[in-house]
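Chain IDs A, B, C and D follow the sequence of writing; residue 1 opens each chain.
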Amino acid sequence: MAPLTLYTVSNDLVSSLLTALGNAIPNPVGAWLKSPDLITGLSVLVFAAILLAASMLNTILLIWWERKLLGRFMDRRGAMHVGYAGLLQNFADGLKLFRKNTFQPREADSLGFYTGPAAYMVTSLILFGILPISSGWNSGALPLTLLLALAIFSFAPLFIFISAWSSNNKYSLMGGMRSAAQMIAYEVPILLAVVAVVIVAGSFDLTTIVYEQQNYWFWGPLVVALIVFVAGMLAEMERIPFDLPEAEAELVEGWNTEYGGMLFAFFMLADYLRALVGSILVVLLFLGGWTLPTWVPAAATSFPLAGIFWFMLKTYLVFGLFVWVRAALPRVRTDQLLRIGWNRMIPLSLLSIFLAALLVTVKCLPFLGCVPSPGS
Amino acid sequence: MASEPAVPFVEIEALRAQQFVPAAKEALSAMIAERGQEKVVRPVFNWAGRNSLFPLHWGLACCAIEFAAAFGARWDAERFGVVPRSSPRQCDLMIVNGTVTWKVAHKLITLYEQMPEPKWVIAMGNCATGGGPFRTAYSVVPGVDKLVPVDVYIAGCPPRPEAMLDGILRLEDLIRERKE
Amino acid sequence: MSEMWINMGPQHPMTHGLWNLRVKIDGEMILDVDPEMGYLHRGIEKISEDRHYNEVVTLMDRCCYVAGFAWEHLYILASEGALHIQPPERAEYLRVLCDEFQRIGSHIMWYAAFVQDLGLMSPFLYGMRDRDLVLDLFQSYTGARMTYEYMRVGGVRSDLPPGFTDRARQVLDWLTQRYEEYDQLCLGSTIFRKRCDDLGTLKAADCVAHGVTGPMLRAAGMKRDLRRDRPYAVYPQLDFDVAVADGADVTARYLVRMEELRQSVRILRQVVDWLDRHPGPVMAEQLPRWLGAPYAPVGAEGYLLKRNFPKGVGFSSVEEPHGEAQAYVVNEGGEHPYRVKFRSPVFANISAARQYLVGYHVADIPPIMGSVDVCVGEVDR
Amino acid sequence: MQPADLEAALRPKLGDRLLTVEPFARTAGRVRFRRDGALDLFRTMRDDLAYRHLSMVGAIDWVDHREVFYVLWSDERTEYVLLSADVPADDARIETASGVWPSANWHEREAWEMVDVLFDHHPDLRHLLTPDGYAFHPLLRSFKLHEPEELEVKTRHV
């Protein structure tokens, strides 16, 4: 039996449906319905729809997770009256925002005002088509998934800046400027930290990187890279302590000050989509993805969808760490943020590359652990 | 020159409000006419609307402190999905928590206009309801309903956080029964 | 970006009230500021001329809504001076009890708002939680959480309920533990120190020139506290230290307020012990009837008393949580004050905004203004 | 410092522009002066008597005239002193103190808009608490407050 993957599921679904339909309908149309090209095309669409729904559902769950966790950190309960334990709260928020009046400030530039959020949302969604969720549960085995993901991830400041600029608000503009400066400053250390992972794993393919970690997760040997990556991800996701573009205290709501209704919901969703992607990347690169250490009993990994279960559990825990940081740390200032980025993060990431190269050469380092040889 | 009471200024501001209220009513009725057909989805959207009221994050006077206390650990208004947002664009509820003066009146109206429909106003406390202890003062608007349409009034000077939460729940009841 | 003016307010998360800070910025740097006040101007001084002496107390609570007791005390001291009335000693101790608990409540409220301005969210909730305990105490003997109307010309309205002092001691014990937690959350955080050190510096000489008082002045190293320098009520009998710090920056103001919180606990322990041991009247005897009961019908006797009551001018100053507040009450005979004038400490502290804001970043405005502890109610009155 | 000491210290500088020094509750005394001696008095108080802190400037409308009062504080002697000058109601103006104590700036703005006392050479005499262009001075005795019923009539058409 072929391994259960998302694509095979949708392919089976579509092919059985279309075959039944094609048998019922007389030939020229029926044969066309049964043609493998159509089945492939449609199953890709179904696959995309499932992916979209799953990622949206996860994002909304993630918001709930953050609100409940924050509530607990703050000695209160968080949303609890809408649905069981407030699980439906974010659906209510989304529906309400969907119904709100759509408007555009008088002096705003309509092209940028509307394309900004849409593009931000779309680029965040595309990422889910690339990331492997479990063995086989990805869209395709591209050789350079990691690079592609990071490239798409770094589109965001452009769209944020476009929407901030075109909403014709001074606070939005300042937020957009900060966002651009911050994301560019942290793009470099993130990439350098990833290079360390790539050196050890010997591949740009996320699936390969995960399989390389089957014996040793990378967070131990590559702890410096992990620190740089997590800090950079916090900045990329615009979360406290690096949430300057949305710094509520001085910039009202930052670059989305002028956005309301569905456009605001787009921003909100896209923010959390990116947060989800960030957590997933941390899990994939450093925490072994969907794999578990070898000493774990086989029962833990043999039940259906075990890979996805462990993967999502890790993702939510990593995101919980981000929430914890949010509850415990104040915000840094713009110049401090940039100074941390250029003066601290880049040397650290260079150090992590050096350590990674050393690791590959000598296999084991005191206190940091061992790595398997690449391509083993 | 300074011997007359402050009527002219009051009237200027009242005139401003006079122009505003009919326009708001017109917009409201247009919206109602447009949404009259949606019979099936309305309960769902009403459920969503009443369970996710984002109040505008601003503090006018004493009631603002109780407003803040209602978001504190003991009362935790977020339980009901009430999360204050700083930008009026993202709000659907304006809680007027304090004394409204004529100096801030047109800014209040601007903020109200910046909120996208559908939107609601809660007059929190005696000052917002009718001027409170400052009703006779030359600079105080005797009730925010002179400026914007108010849905729920909360009594108290200042109302306790429970009273504010109760006001929000009353507003939720209003939204539930909304026939449009 | 070229230079531009932005309006921070009247609806802005930084303001914590209703005022407008106009800021001229170049990129992220502040070139000039111009505070614009008056959005909450309710004409309290004018309305007071239309009120009985005791009715003005109602307005005082709403004048500064986070430090209502301090302002009641201020006004009562001035009116008692103007009316030549001396309250009993227990009433004075009760007023100090109110004042110091109010200082704790106000400073915790400040802590909650200030740390939130830095982006740290949890302390806001912790602060509100602990402040509610203090408000519960207020509620147990005044019936209100924020607007008390407790002090009267000639004493206080009522005595403490039974068991109050024990509850007060419990709250004080709890608060003493919490202060450690507050310090861990702020001083223990490197980011906090990086952001607040050498921020919003206002040296002692500038403070004096611009009339800045209270924790801001003490943070600049000047040991000035009206409770020590011009004692009122029973402060001479109480043992406490004046909190000072050297930095003149935001961290120093934080340290001063935290130390004041601890000193308030120390004062309150003495006050609570004294109150336990010394029962007695809480209202002066032989008050004019129209003062004791403002709404009672005033007969011929009361009318004569009213007419013939000695005229006078009362001046008082108290160390309010925000700084030095003063009241000037003119009594021209009769049941209404002729003129009431208040000096709000925050009024002076904000008026010096240009001195401590220019040259910093836009992101520094919220912590700096947070460290000033703005209460707009008393600025606009 | 007693009122007599104050008078002894001030009389040589001010001459007959100093009217009286009388005792005043909880302060060192109340110095009454003629308004043409304002600036000299302010400088003397700050430089010679070390009253470096101006706490409050206020004004009172006594219908026939207006009184401007200043509350000063000295850190050296830890005491207050009051200065007070009468200005006629039809020509209510006095020299500003903001050149001597910068803290007078806002207090004088408030006194001007509330009691209509003009402060000469004030750097920035704008409305502070009332809106720009507000034509009234609310703390004058002639400015009457609304009765609630009256207010109802006036705002009903809104």
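A few points about this structure:
By definition in this document, contacts are C-beta pairs under 8 Å (C-beta built on N, C-alpha and C of every residue); 3 or more make two chains touch, one makes a residue touch a chain.
Note that the structure is predicted; figures quoted are calculated from it, not measured.
C-beta contact counts were set side by side for C-D and B-D; C-D has more. Taking the mean of C-alpha positions as each chain's centre, the chain lying farthest from the centre of chain C is A. Between chain C and chain D the centroid-to-centroid distance comes to 24 Å (mean Cα coordinates, whole Å). The distance from the centre of chain A to the centre of chain D, with each centre set as the mean of the Cα atoms, comes to 64 Å.
The centroid of the Cα atoms in chain B and the matching centroid in chain D are 40 Å apart.
Averaged Cα coordinates give chain B a centre that lies 29 Å from the centre of chain C.
Residue numbers of chain D whose C-beta contacts span two or more other chains: 130-131, 138, 143, 145. Shared contact sites, meaning residues of chain C that touch two or more other chains, fall at 12-13, 38, 41, 43, 46-47, 50, 124-126, 129. Those residues of chain B in touch with two or more other chains are numbered 72-73, 86, 103, 136-139.
Checking each pair of chains for touch leaves A-B, A-C, B-C, B-D, C-D. The touching residues of chain B, counted against chain C in their complex, run 56-62, 64-66, 68-69, 71-74, 86, 88, 98-99, 101, 103-104, 107, 111, 133-134, 136-140, 157-158, 160. The residues of chain C lying in touch with chain A in their complex are 1, 4, 6, 8, 12-14, 28, 115-122, 124-126, 129, 185, 189, 191-192, 194-195, 361-366. Of all residues in chain C, those touching chain D in their complex are 37-38, 41, 43, 45-47, 50, 81, 208-213, 222, 224, 229-230, 312-317, 324, 326, 328, 330, 338-339, 341, 343, 347-348, 351-352, 380-381. Those residues of chain B whose C-beta lies close enough to touch chain A in the complex are 31, 44-45, 47-49, 51-52, 72-73, 76, 78-81, 85-87, 89-92, 115-118.
Residues of chain A that touch chain C in their complex: 70, 73-76, 170-171, 173-174, 177, 240-241, 243-244, 247-250, 252, 326-336.
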